Each structure stands twice: as C-alpha cells, then as structure tokens.
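Across the two complexes that follow, chain A remains constant while its partner is chain B and subsequently chain C.
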Partner chain A sequence: MSKPLLEIRDLNVSFGTKDKPLCVVNDVSFSINPGEAIGVVGESGSGKSMTALSILQLVPTPPARVTGQVYFDGKDLLQLSNSELTSIRGKEIGFIFQEPMSSLNPVMTIGDQIDEAIMLHTDLSADARRVKVLELLRLVGMPDPETRIDVYPDQFSGGMRQRVVIAIAMACNPKLLIADEPTTALDVTIQAQVLDMMLDIRKQYNSAIMLITHDLGVVAEFCERVIVMYAGHILEDADINSLFASPKHPYTQGLLKSVLTLTEKQHRLYQIQGSVPPPGTIKEGCPFRPRCPVRMDRCAVEMPPMKSYGPTHVAACWATAEGVE
Partner chain B sequence: MTRYILFRLLDAIPTVFLVLTLVFIAMRILPGDPALTALGPLADQAQLAIFRERMGLNDPLWLQYLKFLWDAVHLDFGTSLINDVPVRDLIIRNLPHTAYLTIVSVLMGLTVGIPLGVLAATNRNKPADHIVRLYSLIGYAIPDFYLAAVLLVVFSLKLGWFPINGAGHGFWDGLYHIILPAMTLALLKSAFLGRLTRTSLLEVLGRDFVRTARAKGASETRVVYKHGLRNALLPLSTGIGISILATLSGAVAIELIFNRPGIGRLLIDAIHERDYPVIQAGVMMFAFFVVIVNFIMDLVYVLVDPRIRMKS
Partner chain C sequence: MSVLIEAKNLGKTFVDNSIRLGPKRAEVRAVDNVSFQIMKGETLAVVGESGCGKSTLGRLLLRLIEATEGHVSMDGKDLTNLSRQEMRQMRKNMQMVFQDPFGSLSPRRTVAQIISEPMDSFGMIRDKSHRRERVAELLELVGLPAIYMDRKPRQFSGGQRQRIGIARAISVHPSFIVADEPVSALDVSIQAQIINLMQDLQESEGFSILFISHDLAVVRHVADRVAVMYLGRIVEIGPKDQIYAAPHHPYTEALLSAAPHPDPTKEIERIVLQGDVPSPTDIPSGCAFRMRCPIAKDICSSDNPKSVEIMPGHQVACHFAAPHPITNAQRPT
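Moving on, here comes the complex of A and B:
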C-alpha cells in the first residue's frame, strides 16, 4: 500500500476551560491515500467539520484547543507556523465550504477572488492568471466566463457561487480537496449538477478528496471509503462496498436503514431515536450508548476499541465485537 | 450610476429648503430688536425706522420669507448689520479656515484611529487591545474645549512649541498654526474611529469569507487588510461622515479658544451682536455643509460597496 497523503493521529479538538473542556473531536485517527476519495458522514454536531477545519488550522485557537498530529506529505501541519501554513493552504490542500452564500467576499469580483488563490502560490503574470481563471471558470461549468469573471458574488445564485468556491479550491491543482458539505445549501437539482461537476474534476485532476456530508447517497456515488463519525468519535471506517453490504456499527446500521429507498415498499421511515448528545455530556464509554438498540453494561464504562472486520473495515462497538446482532 | 447621483442630489433639495425655512423662523422668533442692537441704545426713533425700512424689516412676513429664499438661492446673504460688509465676503474669508481645520483634523483622526482599531481587533483581549480601548475611553471623556486649553497651556505657553493663536500666513505657517487645534479635534475622532474600526473589523473577521481567504493561503496581513478592512469600510464610512460633521460643533469652541478665524467663530460673534444676516448665513453654511457631507458619503458608499452600485 502506498504511503498515505494525509494521516491524522489522535486528533482532539476541545472548547471551554482547561478544567471543564468540551471535546468536540475525540481521538480521531484516519488516513487518506493519494487520489482516494473518502466520505465522512454523521449527523450535525458529530465533529466532521471541526476535524476538517483543524487539518488546516482553520479553527480559531483560542477558544479552541487542538492536539494530536496531522501528517501531510511527511509534515505535521499542527506544528507549522502560520506563514508555513499559507504555502499549503490553497496550494496543496483546497477547501470547499458549506455556505456558498457567505463564503465569498462581497466586495471583490469573483475573478479577483479566484485570481488571488493563483497569485498567492504562483509567479504567473496578471494576463496569464486571467487566462487560468477563465479556464477554471470553464472547468466548474460557469456559462459565459468572459463576462462573469468581473461580476460580484451578490449577482450570482447559490449554485453559481459554489462553483466559484470550487474554482478557488481547485485553482492550484491541490493534492487534497476537502469539501465540507459542498452541496447541502443548494437545492436538489443544483446539487446533482455540482456533484457531477466535482466527479468530472476528480477524474481530470486525480486529487484526493475528503467529502464531508450527511448524505449517504452522495457518498455511495462519490467515494471509495467511508468514515462514520458520531459525537466527535469515529465509529466505523470501511470501504464503500463493505460498509453498505454489512455495516458493523449499530449507528451505521441505523443510518443506512433511515435512507429512503425506491425499490422496496416502505411504510414508515426508520429513525434513530433521540439526538446527538451535546459536547461534554457523555464523559466515558460509547457516546452512542443512550440511543443504541443493542447497548450493554460495558458500553457505559469503556469506549470500545476499533476492531477489524476484514482488510478494509474497522468499527468500534462492543456488541458487534461479541457477535450480538 | 448617474441616476443614483441625480436622485441623491434631488433628495438634498427638500432638506436645504427645510433648513432655510427653519433658519428664517428661528431668526424671527428670537427675542431682541435687531435695529436697536445694530444702532445701539443711543439711536433715536427716526434712525431706527430708516434702518428697519432699509433692511426690509417692515415688510409683511411672507414677503420677507420669499425675499429671503430668493436671496439664499442666489447666495446673497445681505450685508452685516454691524460693519456693513457683504456677508458673502465674510463667509468667503472664513470658510476656508473651517474647511482646512476639518480636513486636517479628520485626516489626523483617520491616520491614528484606523490603525489603532486594527491593532485592537487583531489583538483582541490582549494588552494592545486594552490600551487602545483605554485611549478611546479617554478620547470620549475629555471635552474638546478643556483639551484645547490644556494643550495651549502645555505646548504653547510652557514649551513654546506652537503658536498661541491665529491661523498663520502661507502654507507652512498655516500648517504650523493648525496642528494644535486640529489635534484637539482629532483626539475624539481617533477615539471614535478607533472603536468603530475595532468593532466592525471584529465583526467582519468572523465572517465566512475571511475563512475562505485563509483557506486560500492568504497571509494574516492580507486577510486583515484586503478582506477584513475592505469590508469593515462599509460601516466605517458612515462613522467617518459623522466624524466630519462633528467637527462643526467642535470648531465653534476650538476657533474661539485658539482665536482662529472660521465659520464657528463668525457665528458666535454674530450671535453676540445679534447680526441677523450673518447668523442666518452661518447657520445655512453649517446646514449646507451637512447636506454636502451626506451627499459625498452617499457617493462613497457606492464606491466601497458594489452591492449598492448594482442596485442603482
């Protein structure tokens, strides 16, 4: 197996005071190989976005505290200074944000905003950069790029803005693209267009992608591997076929059951009872325990370790480990 | 764009008209007889009658009002009751001094206030922030006439670094004379603008597009100035407008204390002497100034915010 592009070890992100920390990401470890597309799924508040943001140190510290290691190309990103990080952000790692409506600067033209990403990391002349910006706009499917290049974000719809955000992220052909719910804020038809466009880009550029989403359908279409997160913990990490065929964690099973299918007759959609516990409420044991249909006494005391269920499938559940179904 | 400017100009007309009317009414309900004040207690009834006739004070009120409006539109403010000089000349002589004081003090306030605000915002809750906030508090708390007196005593009387009064002749001498008065006005401006810059910048720096800029690989300086301050300019330009207008009330006291010529000074003297035409003209100048500054600020909004540009 090749050397991973990104390797996260024991990542912890917490807010609050030292004595009463509120952990939003707990001992998260995973890796991404070059060119690989992984999906990170989980409900709101599961720590997906925080994990992604802390890779590039985009979580404001303070108030947050980030510990652990994030190796990218052999360097621990968490140890880098701000100026060292600027040469990685946007160049080696591109970031697509969830909110296209607010993630563009309202007083700069979209051309200038894409151009900035190129200018910061290359020595190209202004003319050459403009050619590149037009190329990027075409890549993200912007109709009529020559006139749109000098337009302000407010003149665009959400879908168009998200294309601009993607163009910014792709400007320097990054080795890793982190997409934090890139289609959540868009309406369904636009979602499909943007996803198709991202699939195209992926084929052309062969970047590794970390796709954060709560839509398992998107994951199935896009990714080779899935990480399931819950309340700041990784509960399951598996290749896509194995996960969909035989999910090991009761939470993953619940998630899969609650997806609407068109092939089978369904009466009432399955739902996992309860909701994600607020950070800091569950101090020990498995965070999913209160909502788990197969919980055991042991779950309250000890967080289950990752157990292997095949070459590319791990899950953290006491019940599954003991064969309880 | 042209349409926007045109509409803004049209907007200003009723304001000016309203101001003129208010000035007219205020002048007529003031206690005291202008003829008596102008000619002094020794004037006899005949002299007073001639004076009233000449100044049109015997005309019916509506006719006075129409004449007043007509003259105002032609920038004819009559002659001073005290020394028979055309008011227009008085204005022309004094206006540049007040304009100069305004410009210099606003520039001082901006060059000190904005960097202080940026410093405070980027060092939130650190010593630098606390110092800037303390400075703002002091700037707000010290009345300008008091500060003016303190600066005069310390820098002009004791140290002899600056002149005590007057406006000087020529550019360099003028600049030398304006430093203390402008500094006095600038303290409050820098305190106000510093605070405003801090607040708006902090608000902007928390927005999503700032995170996008960081994720692009922009340096912190670039994030703060190019993305942060550029957006913070929108609320800030309103503050700068307010700050320019505040110079007017400040100028009255400052011109008196530093014994400088200027509209504020002219107005105060005229009020003492009940010199109606000059008071009218002085108040009108202040009102025009407000209208003009507001108009300019409206144009500035268009320049700094493309969203307004697109709507118009």
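Moving on, here comes the complex of A and C:
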C-alpha cells in the first residue's frame, strides 16, 4: 500500500478549563491515502468539523486546546507556524467550510475571489490567471462563465455559489480537498448536480477528498471509505461495502437499521433509544453505552480499543470484540 | 372515508417589497391554483424543493395568511368566509408543528407555559393545578418526564424540543395538523423516534396530517398520499405507492432519482436535471418545469398543462404524462 497522504494521530480537541476540560474530539486517529475519497459521518456535535478544522490549525486556540499529530507530506501540520501553513492552505489542501453561503465575500466578484486564491499560490500573469479562472468555472459546471466571472455572489442561487466555493478550493489543484457538508444546504436535484460535478473533478485531478456529511446516502455514492464518529470518538472505520454489508459497531448497526430509504416498507421504524449525550458528560468508557442495546459492565469503565475485522475494517466495541451480536 | 380538508383553486401572491422591478414591486406567485382533499385520519405529504410554496400552502390551509384566491373548507365549512370569532373557534381543530418549535418563542418561557398556551387561549384550563396535570399528561404522552415542565427551552436537544412542539399541538385535540418539516433538523437516529411518535399519536387521536418535507425517504414512510410541488403548482398527486413505483411527471421522476441511496452495491442511473429552479417572481410561461425538463416540446412553453386524472386519485399536470417506472437500475430493491 502506498504511503498515506494525511495521517492523524491521537488528535484531541478540548474546550473549558484545564481542570474541567470539555473534550469534543477524543484520541482520533486515521489516515487518508492519495486519491482516496473518505466520508466522515456522525450526528450533530460529534466532532466532525472540529477534526477537519484541526488539520489546518483553524480551530481558535485559545479557547480550544489541540494536541496530537497531523502528518502531511512528512510534516506535522500542528507544529507549523502560520506562515508555513499559508503555503499549504489552499494550495496543497483545499477547504470547503460548512457554511458555504457565508464564506463568499459579497462585495467582490466571483472571478476576483477565485483569482485571489490563484494569485496567492502562483506567479502567473493576470491574463494567465483569468484563463485559469474561466477554466475553473467551466470545471465546476458554471453555465456561461465569460459573463458570470464578473458577477457578485448575491446574484447566484445556492447551488451556483457552492460551485464557486468549490472552484476556489480547487484553484491550486490540491492533493487533498476537505469538504464540510458541501451539499447539505442544497435541494436534492441541485445536490445531485454538485455531487456529479465533484465526482468529475475527482477523476480529472485525482485529489483525495475528505467529505463530511450526515447523509449515509451521499457517503454510499461518493466515498470509498467511511469513518463513523460519535461524541468525539471514532467508533468505526471501514471501506464502504464492508460497512454497509456488515457494520460492526452497535451504533452503526442501529443507524443503518433506522435509515429511511425510498424502497423499504417498514411498518414501524427501528429507533435507537435516547439521545446524544451533551459533550463532556461521558468521561469514562464507551460514549455510546447509555443507548447501546448490547452494553456490558466493562463498557462503563474502559473505552474499547480499535479492533480489526478484516483488512479494511476496524471498530471499537467490547461486545463486538467478544462476538456478541 | 370522508373528506376533512378541501382546497379549491387556492392561490397566493406575495408582494415582495425588497425586490423592485422598475416602478413595479415584484410579485411572488407562491401558490398557484392548487386543489386537493385530505381525508379524515389521512396523511398527505407535500414534497418539493426549497421555495416551491410548501409552507405557504400549509399556512393557507390554516388561514394563518389570507389566500389571494380560492377556498379552503374543513368538514364542509368554508373557512375563507368565516368571521374572526368563528375562525377562532375553528382554530382549536387545527394545529401546526414547526421545524423548530422554539425558534419563534421567548427563551424565558417554561415548557409548561409553551405547551399550555393553546389550551389557555381556548379556555380549556381551569386553574394552576389543572394546568400542571394536563402538561404532565402530555409530556408523558410524547415520551418526556413530567419534571421537565419547569425547564426553559435551551436546555433541550432538538429531538426533545420537537416532542414538546408535538405535545403543544395535540393538547387541544385537533382534527388536523400541519407539520412543516418536523424532522428535517434532527439527526437520523432521532428522526426515527419522532416519526414513530407522530404515527402512534395519529393512530390513537385520529387526526389528519399535512406533512411538509423535502425528504422523499421520510415521506415514503409517513404518507398515505403524496403531492409533488414545483414553483407553486401541484404537478403530481396520488397514492404513495403509485407515485414511488411509477411517477408520471418527469419532475417527480427526477426528484426520486436524485435522492442519494444508502446502498453502495447498487449503481444508480441518475437523471441529473440541468439548471436552477427559476425565480417565483418570474415563472416561465406554459409548464413551469419546462426549462429543466428533459422531454419538453414546443407545446410546453405555450400551454400550461392541466391536471389530468390518469388513474383513480392520481393526477398529473404534464402534456406528456406517462408512467416512468423506476427501473431496477435506478431504484434497487
């Protein structure tokens, strides 16, 4: 197997005070291979955005404390200075933020905003950059780019703005694109357009993608691998076929059972009992324990370690490890 | 089964003061000539993309806003002509559940105050202890401990808030509930809980629901019949099983095929519609869908297709309405 492009080791993010820390990301470790599309799923507040933002030191410290290692191209990104990071942000790693509608500057034309990203990382002439901007607009499927290039963001629909945001993130042909819920705010038919376009871009550029979403359908269609997060922990990490065919963690199992599809006719939906614990309330043991149908005594005391179930499948559950179904 | 709600040629045009077209104010045609019925105890789902008029339709049915044209009746009584006093009495029978029931409420009010507000306004509460009794009953009915009644909204998770919103709506024993995206803001594992709760309550209380949603998988589960809206019009309406198995309008077909499917082993042949939804201030002539429609012909830009009954209870507004059976390639079983 090739060397991973990105390797995260023991990432922890906490708020609160030193004595009373509120951990929102706990011992998160995973890696992304070159060209791989990996999905990160989990409920609201499970730490998906914090994990992604940590990669580029985008979590404000203070108030947060971030520890661990994030290796990219042999360097630990968490140790880099701001100026060293500038050469990576936007160039090696593109980032699409969760609130795409507000991440565009309303008083700058979309052409200038894409151009800014190119200017920062290349020494192309103004003419060459304009050619490149048009090329990017075409790449993201913007109709009639020659006239749209000089338009302000508020004249665009949500789907069109999201295309611009993706064009900016792709401006320097990054090796890794981190996309935090890139289609969540869009309508289904527009989401289908944008995902279709992103799949095309992947084929052309061969970038690796870390796609954060709460939609298992999007993951199934877009990703090769998926990481399941819950209350700041990774509970399961597997290739998608293996995950959907035989989920190992009781949380993933419940999630897949309760997910609604267009075909199934269940009389009554399977439901996972209870609700997600507020951050910081579960300090010991498995975070899913209060809702888990197969919990054991041990689960209250000790966080289960990651265990392998085949070459591309790991999960952290005591019951699964002991063969309880 | 008897008819509870009937909408006849219902329309709503908003005047949008923020947009000006020259000297004229922009007119938003939010709901356009919509007619349908809802039976007693039935769930009719309304699906469609953002801005197509779903919420406006729901509010028109409850007469929370006045229709520009058309009529709504409940139990045969025309609501459009009722006096303020008569309408107030009708209101008791019609309630609404919102996407976030606390979004519009003061954060200083307690759960008990929030839940008992409709009962108070209809004089259904005798005294303080009666109020606490009723609130406790209702909380229990929606699966929350009664001790929550003195807490403030911000201490609750999304799923708990939705349970409180539902308790408030059913408190006056309505016969009709408009549920506007009641599970859209919730996590998957919580959505299932709320859907089950609403179905249980519907079974015991017998109310009808207009269920507004953009999520076709949720609708598939909760609805008896489905109405598909596009730019203010109902383009297709019919029994759920017919709509999902063989949609007759090209928009319904595209909508169904666009939904991502949580099964990686199936390759899906997706219809990707070109272009954006046109602005409701500037609805195209003829069929509103024609600019994005893969099968549009000349007649589609000149004539607005009439709604035609293609099977009992199944109506489609398309010049080329035809079954588009969802093939196995598109929709794995």
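Note that the second predicted complex is superposed on the first by the 322 of 325 C-alpha atoms of A that agree within 3 Å, B and C clash if a C-alpha of one lies under 4 Å from a C-alpha of the other, contacts with A are read in each partner's own complex, and residues count from 1 in each chain.
Simple rule for what comes next: contacts are C-beta pairs under 8 Å (C-beta built on N, C-alpha and C of every residue); 3 or more make two chains touch, one makes a residue touch a chain.
Model, not experiment: these values are computed from the prediction.
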Partner touching more residues of chain A, whether chain B or chain C: C
Touching partner for A:Thr147 - first (chain B), second (chain C), both, neither: neither
Touching partner for A:Leu120 - first (chain B), second (chain C), both, neither: first
First (chain B), second (chain C), both or neither touched by A:Thr17: neither
Touching partner for A:Ser258 - first (chain B), second (chain C), both, neither: second
First (chain B), second (chain C), both or neither touched by A:Ile168: first
Touched partner set for A:Ser81, first chain B, second chain C, both or neither: neither
Which of chain B and chain C A:Phe95 touches, first, second, both or neither: first
List of chain C residues in touch with chain A within their complex: 49-50, 157-160, 187-193, 195-196, 199, 214-218, 220-221, 244, 254-256, 258-265, 268, 270, 272-277, 292, 331-333
Residue numbers on chain A that touch chain C, as the complex places them: 43-44, 143, 157-160, 187-193, 195-196, 214-221, 240-241, 244-245, 254-256, 258-263, 266, 268-272, 275-276
Chain B - residues contacting chain A, complex: 207-209, 211-220, 227, 230-231, 234, 304-307, 310
Residue numbers on chain A that touch chain B, as the complex places them: 56, 58, 82-83, 85-91, 94-95, 97, 99, 102-109, 113, 116-117, 120-121, 152, 154-155, 165, 168-169, 171
